[in-house]
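Every chain is named by a letter (A, B, C and D) in the order it is written, and numbering of its residues begins at 1.
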Amino acid sequence: MFYWAAIIIILCAMLVLYRAIKGPIICDRVLAINAIGTKAVILIALSGYIFERPHFLDIALTYALINFIATIAFQKYREMGRLD
Amino acid sequence: MSFGPTTFISAAGSTPVLVIVIPLLAAMLAPIVSRIHRSVGWYLATTATFIAFLLSLSLLYTVIDGGTVSYRMGSWAPPMGIEYVVSYFNGFVLAVIAFISFIITLYGKKSVEQEIPEQKIPFFYSAYLLFIAGIMGIVITGDIFNLYVFVEITALSGYALIAMGKDRKALMASYNYLILGTIGATFLVLGIGYLYIATGTLNMNDLMQRLPEIYDSTTVITAFAFIMVGLCLKLALFPLHIWLPNVYTYSPSIVSALMAATSTKVMAFVLLRIMFTVFTPEFVLEVVPVTKILIVMSCVAIIMGSLIALGQTNIKRMLAYSSIGQIGYITLGAAIATETAMTGSLIHILNHALMKGMLFMVVGAVVYKTGIVNIKDMEGLGKRMPWTMAAFTIGAMSMIGFPFTVGFISKWYLATGAIGAGMWYLVPVLLVSSIMTAFYFWRVVESVYFKGRSARIDTLKSPHHSDEAPFGMVVTTLFLAGLCIYFGLWASGPVEVAKNAAAFLLGS
Amino acid sequence: MIEIILGKYNYWIYIALMMIGFYAMIAKENLVKKILGMNIFQTGVILLYVSISKVSGGTVPIIWDKGGPYDNPLPHVLMLTAIVVSVSTTAVALALIVRIYKSYGTIEDDQIVVINSHDGDKEIPSEKASTII
Amino acid sequence: MSEHIVIKRVSNFIIPFIQLFSLYVIAHGDISPGGGFQGGVIFGASIILYVIAFGMKDGRTRISEILTDFMNSIGVLLFAGIGLACVIMGGAYLEYTKLAGSAGEGHGSHAEHALHLAGHLGIYGIEIGIGIVVASVMITIFFETANTQDDD
């Protein structure tokens, strides 16, 4: 069950990866990278279930935070040309 | 907390770790206490290096009296925990490093104040002390991964120190060193990884015991090759030397002196240590003919270093190329691998640290006073800075290998070692390189003493002040010059230690 | 032959990564691209260490009441150190690049070489020197 | 970024939780994934998020340059200081159990408990030191690289 969910998520990530590589404009790529990050979060949580290790949830949480900050930082840089 | 007698006993027993922790603590205190007064950083650095020097001296005496000292971090037993080992061999190098860094710190107050922007001085001393702590850690650690970590600590603080040079080329020198240094360190860690795959341990003693059974395995030979290439890159053996001249030329004077006196020497020491105490002499002599390759490479380094130094006009760059040649002497002694030659190699670590540190200190004093770095601008400097230039002459004579100077001692041991090993064809190499050394130092000495004043010096003339460099700089430089003579005349002390260390390395 | 390729695929991947990074470090002119190459280079080594720590059937080396064989935690810890080293090297390199850009106006290696050769080997400026003597 | 009210509100809401989480990661470093380094990175990331949302000037009033400089040093001093404290208490460097002092001597559950506690507290101290260093280094690097003013 969890295995299948993980496989489907990996497939979805690959679809999004296509958009990230192909993406004609920068917004597509940023959105795609963000989506891949979100999928990675769920994948980490799922592998926590698969290996029966609840510790993985901590890692997923951290990854979600970093992903969020990275997206905001990138968007700000794209819009303002600087980070401060 | 109670300060009973146990405190002092355990503190005395903890000398191996205190040698590193005290510069480290001082490095971290430097930015804080510099807010009180800006010159506090120098006092802190001097105190810390002085304490480290005393501790390393006491360690050396402990080792001479009672044999190898082993220290367990956190009381974890060696194969599991990190072990600090002080034997004859590295106790000697540790004392040399601590002494030289103390003298250079003592020397550097005025030079740093002139060359480093004022608001950066606290961070300069922080990086400086971190560099010293790292270099001592490299010498003292008995754990091979810990060695890598210390190599990187040294390198990282080194990059920051170099980049503080005034010329903008210092930035590019630092960047190129960063790229090549990282390649070297990564090869080192890769080799360590292969050793770990093959044996399952990272402790050097443990490795030495477990490796001989599997000397013919490809993994071990690959590991050895990676480690050798990485270290040769770090110690700037001839074809891998390109990062070094720019680094020595453009970094601040005190950093040039410190790095020339310690960093490549320590890497040569690590090379010796890996070749003879992690692997055994049988391995490097018989299983893999690395000593034969190293002899050829060392000869090329000796000749080419001197040859390129002949053509330099910038004195710092000339000394840098001369360093590349001198590194060849150390590796040559290691590659001949007889006790006499190894003694020459080890004693050359001390001697070259003295000579090259002193020569760079002289150049630092000249730069401090006049800003001159070109040899042809130095004409007539002998009259204006007599003491500094006298020290330079002694250093030059010592580099050439004049009798009654330290340079002679190490060349003597290397030459007799080479003849003793039946490699008489190495003696002409030493002779030719000495002659070339004489040539390129003669250019400087001639320009300093036997030419009229250059136009550049006349423009700097002012009747009100003495022309000599500040007292602190001159005294420390002359002290090292005196040591160059002293250890040339009464060489038995260091030679005895080096001989014991060589015997220890060769396992006899 | 096929066992060598498939059975030891972690080594192939790490070698490929290292060589990609090494190529970028040597061949690229852009200083930032060199640093990217350096990161890939170091990541290759990290991959080697982490992959050799795998014990077949082992689980994550965090003590857990289910027990069972654990992977070897030592290479993981070593690589934590190596990652810290790698991050600090990158930080130092980027700081250097910022300063190089400020003083040279470019981060292309070949252009900097040209600028340096125009500069010549002039003296270290010493503004205090003329006033001291 | 005055008009970006969404990011500001979200950041305001989320930053305390990020910081709390970072403390959790540091505190549980000895028995679960994480530790000083990871917790420090998360804490540093929260400050970076603040600066991105509210601007450099506002960020510097919250975390001044002096503070990050001090944090840089104090973290390492904490680490080295705990090691030295172990030496002063008569043990080896970083031998935490010696921190129990006289309570850890002898046998019985009481002494064992003291040793256990000293070991854990020693590791906590080290983790907190590392966390402080990593967080302040992250913040310093971000401030230095994001700074667009020419102040060199």
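Keep in mind that, in the parts below, contacts are C-beta pairs under 8 Å (C-beta built on N, C-alpha and C of every residue); 3 or more make two chains touch, one makes a residue touch a chain.
Everything numeric in this text was worked out from a predicted model, so none of it was measured.
Without chain A, the rest of the assembly holds together as one piece through touching. Averaging C-alpha coordinates per chain and comparing to chain B, the farthest chain turns out to be A.
Chain pair with the highest count of contacting C-beta pairs: B-C.
Chain centres here are Cα averages; for chain B and chain D they lie 36 Å apart.
Centre-to-centre spacing of chain B and chain C amounts to 25 Å, using the average Cα coordinate of each chain.
Here the spacing of chain A and chain B, counted between their Cα centres, is 48 Å. Among the residues of chain C, those in touch with two or more other chains are 60, 62, 99.
With touch defined as above, chain B holds no residue shared between interfaces to two or more other chains.
Multi-chain contact residues of chain D, defined as those touching 2 or more other chains: 32-33, 145. If you draw each protein chain as a dot and join the dots that touch, the picture is not a line, a loop, a star, or fully joined; it has some other shape. All chain pairs that touch, listed by label, are A-C, A-D, B-C, B-D, C-D. Interface residues of chain C, counted against chain D in their complex, comprise 60, 62-63, 80, 84, 91, 94-95, 98-99, 102. Of all the residues in chain A, the ones that touch chain D in their complex are 55, 58-59, 61-62, 65-66, 68-69, 72-73, 76, 80, 82-84. Chain contact summary for the complex, chain C toward chain A: residues 59-60, 62, 64, 66.
Partner chain C is touched in their complex by these residues of chain A: 51-53, 55. Across the interface of their complex, chain A is touched by residues 1, 7, 11, 14, 18, 21, 25, 32-34, 38, 42, 45, 48-49, 51-53, 55-56, 59, 142, 145-148 of chain D.
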